[in-house]
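Comments concern the structure below.
Chains: A, B, C and D, in written order; residue numbering restarts at 1 for each.
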Amino acid sequence: DIVVGLQLEPPHLDPTSAAAGAIDQVVYANVFEGLTRFDPDGSVGPGLAESWDISEDGLVYSFHLRSGVRFHDGTELDAKDVRFTLDRARDDTSQNAQKALFAGIETVKVIDPLTVQVTLKAPDGSFLFNMAWGDAVIVAPESIGEIKHKPVGTGAFMFDDWVQGDRIELVKYAGYWGEPARLDHVTFKFISDPTAAFAAVMAEDVDAFPGFPAPENLPQFEADPRFQVLVGSTEGETILSINNKLAPLDDVRVRRAITHAIDRKSVIDGAMFGLGTPIGTHFAPHHPDYVDLTSQSAYAPELARQLLTEAGYADGFTITLKLPPPSYARRGGEIIAAQLRSVGIETEVTNLEWAQWLEQVFRGHDFGLTIISHTEPFDIDIYARPEYYFQYDSAAFQALMAALKAEADPEKRSDLLVQAQKMIADDYVNAYLFQLAIPTVANARLRGLWRDAPTQATDLTAVYWDK
Amino acid sequence: MLRYVLQRLVSLCLSLLVASAVIFLALEIVPGDPAAYMLGLNAQEDTLAALRDELGLNGTALQRYGSWLSGMLHGDFGISYTYRTPVAEMIGDRLWVSLPLALFALGLSCLIAFPAALWAASRRGTLGELGVMGMTQLGIAIPNFWFAMLMVLIFAVNLRWFPAGGFAGWEEGLFAGLKSLTLPAVALALPQASILTRVMRSALLDTLGEDFIRTARAKGLTRGQALRRHALRNAMIPVLTIIGLQFSFLLAGAIIIENVFFLPGLGRLVFQAISARDLIVVESVVMLLVFAVILVNFTVDLAYAWVDPRLRGRR
Amino acid sequence: MRRNLILGTGLSAMFAGAALLSFFWVPFDIGALDIANKIKPPSGAHWLGTDHFGRDILSMIMVGGRTSIAVALVAVGIGMGLGVPLGLAAAVQRGGWLDEGIMRANDLIFAFPSLLIAIMITAVFGASAVNAIIAIGIFNIPVFARLTRGAALGLWTRDFVLAARVAGKGAVRISCEHILPNLVNLLIVQGTIQFSLGILAEAGLSYVGLGAQPPVPSWGRMLADSQTMISFAPHMALSPGLAILLTVLGLNLMGDGLRDLLDPRLQRGQR
Amino acid sequence: MSLLQVENLRVELGGAPVLQDVSLRVASGQIVGVIGESGSGKSMTALAVMQLLPPGARCTGQVALKGQDMLALTERQLCRMRGRDVGIVFQEPMTALNPLQTIGQQVAETILIHEIVSRAEAMARAARTLERVELQVPPTRYPHELSGGQRQRVCIAMAIALRPELLIADEPTTALDVTTQKGVLDLLKQLVAEDGMGLLLISHDLGVVADMADQIVIMQRGQVVETGRFCDLRHSYSKALLAASDHVPDRTGAGSEAPLLQLRDVVRDYPTPRKGWLGKPGRFRAVDRVSFEIRRGENLGLVGESGCGKSTLTRAILGLEAVQEGTILLGGQPVYDGQRANRSIRRRMQMVFQDPYSSFNPRHRVGRLVSEPFHLLETAPQGVEKERVIAEALESVGLQAADRHKFIHEFSGGQRQRIALARALIIRPDLIVLDEAVSALDVQVRAQMLDLLADLGDRFGLTYLFISHDLSVVRNVTDRVVVMRAGRIVEEGKTGEVFENPKNIYTKQLLATIPRLPENA
């Protein structure tokens, strides 16, 4: 048995109809599985689909499902369930938060009970990747009505109980198709306050805490033989987003000045207590195609001042800095505000709740600067959307992304990706700070926990206690 | 008497109606779209519209107010935007934590305050009184979340006598439940007990100066007997007022403490609901709390009449 | 108990003085972060140590006091400025519609859980020190209105008010000339108490992130910031905690002392 | 041997002596009266006997009760004696009872503390004791359901429940109506006769004590000045007290025929709280069709028991409140013109209140207090002129001009009433209403005050409306008297005639209650 601490409680348990990462944290890979899945290292491997064939033109995918897979309610998984899932996500009334993942699908056809054929509108190099997302897990029509509170999936654990505001309990599913889980019982406990999280782990009320919210406490856990600390990487590029349409930020020299005014090391040390890898572009450092561009925007306050003078702001200017709740943003914001002030840029700091941030910054575009971690994997394509909140509008980059989408050759894709990274770094679209790290604090005897977080998930299927 | 109760009930309903309108209006102007909050960064416009429709967020304010109100009359508080469960059910679950916690804390604070106040009042001008009064000053001045933190570090992390937080659930047994509520209750009770002690002590001293105490002493009662038999009940009136005020505070004001101890109580529910723009939950919980306050005041009024015969006949 | 008054005034004056001094001089500039020097225990250079951004805690306490004290002070001002006239007016019209209206409105405000409403106000208008002031101030209004009304009703039955009426003075004039001056003591005492409650309320709001916002420091925010570090850097939580505790203690002692010193005949009427 | 023997009793409170060398004796079956002006230490003596002095009191000398030295006893032993061997009745019946317990319980408590009896038995005995004090209400009543006189009877019942050998009565009738006062005193006398107990009767009113007490102790400033039978009192202070209590001031004027104030069929209703939500508010008629008039230069007395409507009528006369029916005219003009007081009329009337302590704003200086009625004048004197008028007013009531810089708490009760008079005089009104203006004063101070009133009346040609429940005072200072009962006027006439020859039965009752000093003093 194990008690896992999590910071955020899911609003409900249907991963296919909400953005909340907290849902995936609980159910991904534990309760629900997709056709493909993310492995601990971030690569995409077979999930409920044992294998697949792709047509020459890259338009038709035939998935071969595993046989003998049963949902927790005892019903068999077959191709109809897959078709139901994909059609439901594409539907006009769909509430899927990542509807774009399915936008490329033309038709879904059931070939036989264990084969399903998906036809795309255009070739898409990342389709298998898309199908591994938590938003694409396979659900059954029989159980869809109650899915938000009684999720029924095919995973190694079954949903057992949910005490709202406190915990969710899972139990081992005896009829699991694959390697059975080694734990009989899993409890997720929700502790949002960092201090409370610290106390709970210290008092051994929880056995593991993925995404431990207070990096300042990690040295204490490391020094304590009762605990192990795993620091993993995430897909979260933490950036100082800049409103590219707002004067004077529409001037690339100003944006460049901002990037040079920031000392990433101070930010990482001060806000994250040393946790996090500096980045120079919007790309995860653990990705094979990543290029390190940090030196291009190295800390150089003199240069920053000079650039400002060139742009006609020798006396600096004042700009808003709107911060969402996570501590990387709040603390980082305070540090960055101080650093910007020393080159003459005054910031008006406003702390926002998520709802306000979404409303004002993300949808309303009413901001100058903001700090945010983009946790979706492989999301450099947001720069091709001119209406996206930081409003980077570059025809060259949009063309680049279109080319990438159509390209299936890994070699060429890699090339295009490098180009893309460089392009946004050269345009100083945003100030790239660091790749968010995910610390997991756990009991020293616990084995099999994921270190990295290629997607938001707490896969416990392989976890066990060392005797 | 029946007429009096009826009259009170009518005014109670009126207050509730006004309160509900105030709450609804206040939340109408809260910026932030619950649907946007739920669907996150990559949501598309049509998806949002679909969700809004399902949540009943479309329609004029008046319509929504009407349906909210009439729903509540039927005991139907609506469906939570984020959790998608009936609000009544959610509140019911949380009450099982908040109510025992509030009662526990109230009990504790009375248990501390009554003897302390009696002791201090009967030993006027001694070092002991000074000590008790000094403690109460400290109890009021310490921010209670800070005190709670220290208690967690000492009793949960170091000594491990109590869990650091969370709620074991009543199905684990009464003892386990009480154990997980002990530290929060103490943290809540500390300032309340201090205030109560002070109020009660000064009420006792005031009544001790009354003529009827002198009469009682002239009958041959000792100082202590006069204090217990005559002063105590007379001093209960301000004490009851404070207890009434405290109860409603304990029920809702526990937000911070519930955060420190990650208890699944009403306070945290409403706090989360505010930040998630789960307005229907906020409305309902605030409504419930207002109702509780009004009810508690009503009870306190009845208690006054029980304590003080002068109030029974009136009106 | 003159001792209470001296001790209380001394304590409050010390913190208020430090806050005032910070307008002219602080040991270290708190705008300049020194991450390399973060979380240092007290030393000769930094008497109270440094915080998680390497700022001098003593300077932070001094500057933070400005916010905490200003929030509480203005909140009391709002409460008094609106509550006292309302209470006076209600007392004039005892039993009339104005009295009923004011008192029912007060009851209504009292019926709302104060912290919750403060949270809602800050949620609506955004978290900031100004909104915290408004949120705390609103709940001070009924406190002062009730106190004023209760005591004023008592004064209206006194013969000297009748004497003023015999002298032909109107209600407004009597309220200003005779009622209000006799309430001053009471208001001062209640004011110090509400002031100390205001400081605690600001701390509570800051703890949930709805009080003063960066880069403005306040004691409550310092306390909130240091919570997770309390186990390895207790000095960070201790200083603001003690600042709050001692100021509130000082104010309460001062209030008690004032109550004993000033006219003991006037009763502290509740209703 | 005396039942109670007090020798050289000395009490200090906070270092200041309040009693010095007090000696007195009470024998069984004897009534000893203690007389003295306010603050002379009467209550302290009583409390010292009970050993219930306020905290911080130092007590030396000898207090022997039944041969036991009370000063040497432990607290436990004292508790055993209090209530059983000695009972006490306090001055204030309104506050001397616990409001939360029934009167039966409170009487029974005396029994339960000292004797081991069942609760039921104690209640039964309490009920009998309450019957003994002629209380006609059931013992299950709460104190607030009783009148002042009834409450005082409960207090007496508590004190005598165990038939103590000594009963101390500390001003048992001061707060009561004249009619109830007589009843209570008669009861005490009867109890002494029946039980043979000693009674220490404390009062500031010589009349109350004179015809009851076997021995009289006169106190002044914490000391006993004289002890003896009433007819043997020789000390100059005793004589002065005696003279003052029946003082008749010299007056010349008797009033003209011209009416100054006319009341015709005046009705004043108070709304009572409405019954139920939609019920009509009820009405309580405090003044019921009252008509009388005051002639210029005349002194009119208005007497009646507490609550009969005297103060209500006063407020109506002053135009502070509207009346529901009837007219009130001053010099032919209405005092209330529909909306507010008629200012031109109002400045011709002023008032002096009963309580010298609460009728002044404690925060203002005397000069400001006295000049407050200037508000009524169209052109109030300013600057030097104002100072002069204030000084003149103060001097006319026997104070000094320099007193205008003082605060009111720096004056004694008698001086405060003089200041109140100065305030009333400052705008030279025609009519001054005195609502119980001398009731709260000591006899001697009261006598001076009455002289002053008479003197000023003659000098300035004032007209007084003199309201009081103290009939002896009314008798000595007024020309005509109006007797009121429950809002109505029951009798009206020349003071002498009404007092000698009352026609109304109620007036007769009222007059019978006046305590009289024995003739031979």
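Convention: a contact is a pair of C-beta atoms (placed from the backbone, for glycine too) under 8 Å apart; a residue touches a chain by one contact, two chains touch by 3 or more.
Given the structure is predicted, the values throughout are model-derived calculations rather than measurements.
A.B. asks: Any idea which two chains share the most contacting C-beta pairs?
C.D. replies: Per-pair contact counts point to A-B as the maximum.
A.B. asks: Distance from the CA centroid of subunit B to that of subunit C, rounded to the nearest Å?
C.D. replies: For subunit B versus subunit C, the centre distance works out to 22 Å.
A.B. asks: Could you work out how far the Cα centre of subunit A sits from that of subunit C, in whole Å?
C.D. replies: So the centroids are 44 Å from each other.
A.B. asks: With chain centres taken as the means of their Cα atoms, state the distance from subunit A to subunit D in Å.
C.D. replies: Once rounded, the distance between the two centres reads 87 Å.
A.B. asks: Provide the C-alpha centroid distance between subunit B and subunit D, rounded to the nearest whole angstrom.
C.D. replies: Computed from C-alpha means, the inter-chain centre distance equals 49 Å.
A.B. asks: Among the residues of subunit B, which are close enough to touch at least two other chains?
C.D. replies: 31, 149, 153, 157, 259, 275
A.B. asks: If I count partner chains per residue in subunit A, which residues reach a count of at least 2?
C.D. replies: In subunit A, the residues touching two or more other chains are 195, 202, 325, 353, 356.
A.B. asks: Of all residues in subunit D, which are in touch with two or more distinct other chains?
C.D. replies: In subunit D, no residue touches at least two other chains, as defined above.
A.B. asks: By the touch definition up top, name every chain pair that qualifies.
C.D. replies: Chains touch in the following pairs: A-B, A-C, B-C, B-D, C-D.
A.B. asks: List the residues on subunit C that touch subunit D in their complex, please.
C.D. replies: 158-160, 162-169, 177-178, 181-182, 263, 265
A.B. asks: Going by the contact rule at the top, pick out the subunit A residues touching subunit B in the complex.
C.D. replies: Residues 9, 11-12, 18-20, 92-100, 148-149, 163-167, 189-193, 195-196, 199-200, 202-203, 205, 325, 353-356, 358-360, 362-363, 376.
A.B. asks: If we count contacts the way the header does, which residues on subunit B are in touch with subunit A in the complex?
C.D. replies: Spelled out, the residues of subunit B in touch with subunit A are 31-34, 36-44, 46-47, 50-51, 54, 82-85, 90, 93-94, 149, 152-153, 156-157, 160, 163-167, 169, 259-265, 268-269, 272, 275-277.
A.B. asks: What does subunit B use to touch subunit D in their complex?
C.D. replies: Interface residues on the subunit B side: 3, 6-7, 10, 124, 210-212, 214-223, 225, 229-230, 233-234, 307-310, 313, 315.
A.B. asks: Under the stated contact criterion, what part of subunit A meets subunit C in this complex?
C.D. replies: 194-195, 198, 202, 214, 216-217, 219-220, 266, 269-270, 325, 330-331, 333-335, 337-339, 341-342, 349-353, 356
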